[in-house]
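Presented sequentially are two complexes of chain A, the first with chain B as partner and the second with chain C.
And then the complex of A and B:
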């Protein structure tokens, strides 16, 4: 009897012990990271994976605030130099110590021609190790938002990179795979235990992680399985084979909510969806109006704006997982103002009058280019727009294509009317102005995604100014002025901000990140 | 015979060459991989540089000649998506697909042949009607619907009905992946672990359903025909047992066409497995291909298509040879045509 009791007690203890030990979080999303090389691919799933293995100087917390990571503090020490003080006693997972030399090396690596992060730190002139725990980053002229850009640059070990011959990010011209594609070694919370691209990736706790006390409840093991098919992904969650799904399809959210033991969390994503109009060409390439460009007339653009019922799109197409937008930037981005984010009222009669005033009482025909695999329900949004614009006589021919065809077409400026979405990784309005609103100029590397032909000298000047102005109040004024100007000029028709929904088991406690990039060191498992 | 083999080989080569060229022309419509390879911040110059470096700016003809030359020297290039050599990727994924196809083919035969025989023998009964109706569904239902249906019943809803029927809690099947795999030499096998065996059930069933119904219907119609022949009547007249008549005399004579059809269908199974693999996140070559299409990963797509066409051509070639070897009539015909022609 006594023995039995002991056996039962020890069995129970063993159970509790293993339950406490086996804190494995299994998660799934559509696409796997392309590589573990931290500087080779600036792409969502790749960054989401690598942030568990590598650390940046400064990191975004779930509220997207900048919090110290490898850098404990940072401040400008002159007009063109930022000083970063490193966290002491940080070790890589191989036990070697992190020094300023590793930071210098990593920035130089990220500036290589084969790096996909060059654009983020193109203003960097020099990175200097002043002492083992101090780094100076010198920029070409003042750069007030450099700390925002450092959140994307991960720090590698110089010795490890040299030993494994990966001092440069992968190059597609090389025939062989580089060591860093499937192997990684950083200071982050996790280490790679198994990496089988497209199949399964297992991360285990890094015993030397500096933040062990800061994140005591983080899972011991993270198992990631990409599941391409949305229905299979949801089935895996409902049948209990995974604990967390990043991208459940919007039409299945209700089903997941109803399932006992599962929950969803949602937040506004930093990504706005909008329509672009070629207002710069003398004649539209894909329209039946010849000899002139109807989109050059602001009344036409305004009429189209007012004929689109975004609430109907929200309810019918987006299943309420969107927020109506008047600005092409989302809450959480520096320079966002709720007052400007109000849409012009939906009013078909007013729109019809504007069309008549502009000389198009019977409308015209135009082709709308739309991706069908990039944004939430992108093609259905376009279909809804086609019907709405028909109300004011605009006959839209919808051309929906895969993103591999849609984006190159836009980049060739081969579209009169298109759907696009824009996220802001730096969380500063300048990113939006420089890519979407500045006059397109390949030599100056600005306006790279401005396919509208929109060009306003005042906006160009304000945008260039934002890059250099270090006085925060003056800079904020410039941002506000620029937003007011582009909202008035209306080169784009904003539609909505996307919402993101994460689905998980009740036992998982995970704050949602508006950049849709889960960092599981913040997760708790009950 | 030799001239026949040589002419068939030349035909096979011509088919391979034209298939790969057609693929190459089609690649112009899958779009531009460069956008997927650089971040949205990359400048126009960066993109053009990358495109030039990858040789995408050259004409289709130039690209094709370069590709064919590389293939001939065994260089399949490097994946744009995963930055790894294509040959390594395909070798890694091949075991998953071949195991799935093998299990599916076995299932199709193991279920199809007995059911075909039984439905032929038990004509007009209710159970035969049921099986035949079911086989119609197998022929008509698209693979992905079958897959999703199986996942829904045996993986999602299973959590409710399995305990109600008194089945053990571990009865339900996984809805994705291969389970645990074991490495035997260069081959990763899922057939040696319990979780791997469990994981292959639903995808293999999905993939085999169409072939199974095909075999079932083929065996049944052949069997019905054979049962009417004189030698079966004769066998009965001799007073042989039914079992001996049905399985030793009748079934044997129905199997030849079945084996031929299955041989050809195995190539089809490899091709059909694309859909099954996508539904079940089965890490095989078909799934690799689909992901490559979405990324416009041209080196992987090219290698996969050339490989699949090679499998088809090789199987057809062997079947042709087998025909000649098995069926004497073909040899005679050919000989007659040969003398008449030359």
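And then the complex of A and C:
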């Protein structure tokens, strides 16, 4: 009896203790999610935020393996149909149940013209709810990699979207405001408690989350604060104002490692940084060359490629947290080969000769658009490029902006020369071709991030083909051919693959995700 | 002509001002430092070891070279280099040029606006006076940096970015200059009120000298002393205001950096041990504004007979 009382009392005490000790994880990085609308912007930090609120059918774990999420199992049931069996008893945070209808609705929403995720599911012909827990996705011809593409399509509640008049994704590039931009309601581990864009976002545990037992130690509250200034971000971590910094400035990693109570984890990221050139327009919009487009001449692109000393950037700007790139895709992605990932040799003399051959012995002027809060040391990379291109006479006017201005500018095709980074959430080369290299075509839902005007019928055909090809050997050949072709055509100038370092307090246990997209349900707080 | 000017010079050397100047070693030092800064800024294109803003002269591999006297430094870069391989000494000289130019232009703008409005208020009186002085009072309750920040923010939204970068310097001049006019208006108005009913002004009025001429030729000279004192002190404030705005990232763009921009760039390397990128521009700013401030102090004492 007595023992029972003690047990009850200590249980109560423990309960009170744990209630008082609500575990809050405060984290920071340089820029905020662009929107909470899960289908409006296909951008890393936006997806990283939204994955806490919305769930995809299949998710990637810290090793980037596909694990069951809202779908418990998936299999092809015919040449062109995939069957997804949904997890039973999943509830949205408003208490309503998830059904196959919500999945159908979400996929249809992600196929709307204002969606930035159309290229992920461009092959999808029809999504059918067979019964409340079974979804069939019918594709135009076979699509062996469809499950990889589902990892980025988040599932919304149809009723919620209809009630709040957000059945279409926000038109981000025209700065449309809808209810779904600052409000979100999903089946994910967290709910939005407070959303002040660019200031503070607070997420609290979703009491109806299906994975409560699977992730028992996840933090009760996640507070996100964007801190643009690198030194301020480090100061906040060192002084204990935040527990986790996603993008600690590379120059400060050594210092953080030496600081007691802080630790870092690092990994090669699946993201390549490169420069894009408008080679398709008859005349560059932002250049002093009139009547013709210098970037249309491959010799000019090659000269610029050879004038950029990526090793100097690696050593001085990236503090060795990068690996030089010849391909816009990284090790770990299907179709990547070290043989293709070789850069043309850095050679200023050869570059000058190419410029002279192309008819620009004295160079020309052009504007470079660069984000200053998106990639590791992005603005400094651009500054270094300005100096290097000056050596071959190209006078670059650098315009560095916040990503909230940079990306819409690109999406309006309002740039002649720009810096961009590209990750591969599907871990398959097709994703790169369909977004960056295929001829930009809204009706075909491809080439959505191809702002170069690059168009090569052979690449288009190979990219479409590799989506449908089920014979692995044949498909690998197509991928390799496509890479060889785009490397030869050079619409982009690859710079490097990012290495990422996450810095955190010793008390935070968080596995690093090579896609740089932290999913805090995997975090443990001591 | 020659004798007249040498006579004026002689009068200056015989004056109380020159005497009080020579008697204060601190002031002499401040004046020397100010002259050095002005010369360095003025002659930067000819005497700076590098042109740090010509991208062709940069080599990224030179980046993060420490100052000449520390380990790894070279005599080529006396104060080291920044993250782009720019020579710090040259960058500071060019930065001073931008800072001083903005400071001086802003003060010229606020002196001319302030003096004009002060004269108008003092002479006209009535509702004109009330209107101008109440506006000045209201503006004095708002910190100058806030006004400059607001004006600069509006210009930033109103102008496209590439246009803004080109006119950034004038936006700063206007926003800082606009923030400081009330001081000058108040002083000028006070002098005007004190002088405008004196006999010599009345005499001028009786013989038919027009109001504008009286204001400018007879009353204004009385206000010039105090205006000069305030202008010197506010020059230091304007330089600091410009540096603050640039430090906050709303001032000069990195392509034409002022001292404040240089400090902002260097701030990112404080934790990583590359201290020289931030310390030297910061020292330059402190020394320059201190020297100008000391000069202003001395000028105030020298021109105020009651303090002698």
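As a working rule, the second predicted complex is superposed on the first by the 300 of 526 C-alpha atoms of A that agree within 3 Å, B and C clash if a C-alpha of one lies under 4 Å from a C-alpha of the other, contacts with A are read in each partner's own complex, and residues count from 1 in each chain.
As a convention for this text, a residue touches a chain if its C-beta (ideal position, glycine included) is under 8 Å from a C-beta of that chain, and two chains touch if they have at least 3 such contacts.
Just so it is clear, the model here is predicted, and its values are computed rather than measured.
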| item | value |
| --- | --- |
| First, second, both or neither for A:120, with chain B first and chain C second | first |
| First (chain B), second (chain C), both or neither touched by A:403 | first |
| Partner contacting more residues of chain A (chain B vs chain C) | B |
| Partner chain in contact with A:454 - chain B first, chain C second, else both or neither | neither |
| Contacts of A:255 with chain B and chain C, given as first, second, both or neither | second |
| Touched partner set for A:229, first chain B, second chain C, both or neither | both |
| Which superposed partner A:244 touches (first chain B, second chain C, both, neither) | neither |
| Touching partner for A:181 - first (chain B), second (chain C), both, neither | first |
| Contacts of A:35 with chain B and chain C, given as first, second, both or neither | first |
| Shared contact residues on chain A - chain B and chain C | 229, 231, 235, 238, 401 |
| Interfacial residue positions of chain C with respect to chain A in the complex | 54-56, 58-61, 63-64, 83-85, 161-162, 165, 254-255, 267-274 |
| Chain C-touching residues of chain A, taken from the complex the two chains share | 229-231, 234-235, 238, 249, 251-252, 254-255, 309, 312-313, 315-317, 367, 380, 383-384, 386-391, 395-401 |
| Residue numbers on chain A that touch chain B, as the complex places them | 31, 34-35, 37, 40-43, 116-117, 119-120, 170, 172-178, 181-182, 196-200, 225-229, 231-233, 235-236, 238-241, 373, 401-405, 407-408, 411, 435, 442, 445, 448-449 |
| Residues of chain B defined as touching chain A within the complex | 29-45, 47, 50, 53-54, 75, 77-78, 80-85, 88, 148, 151-152, 155-156, 158-159, 172, 174-178, 278-281, 283, 287-288, 290-291, 294-296 |
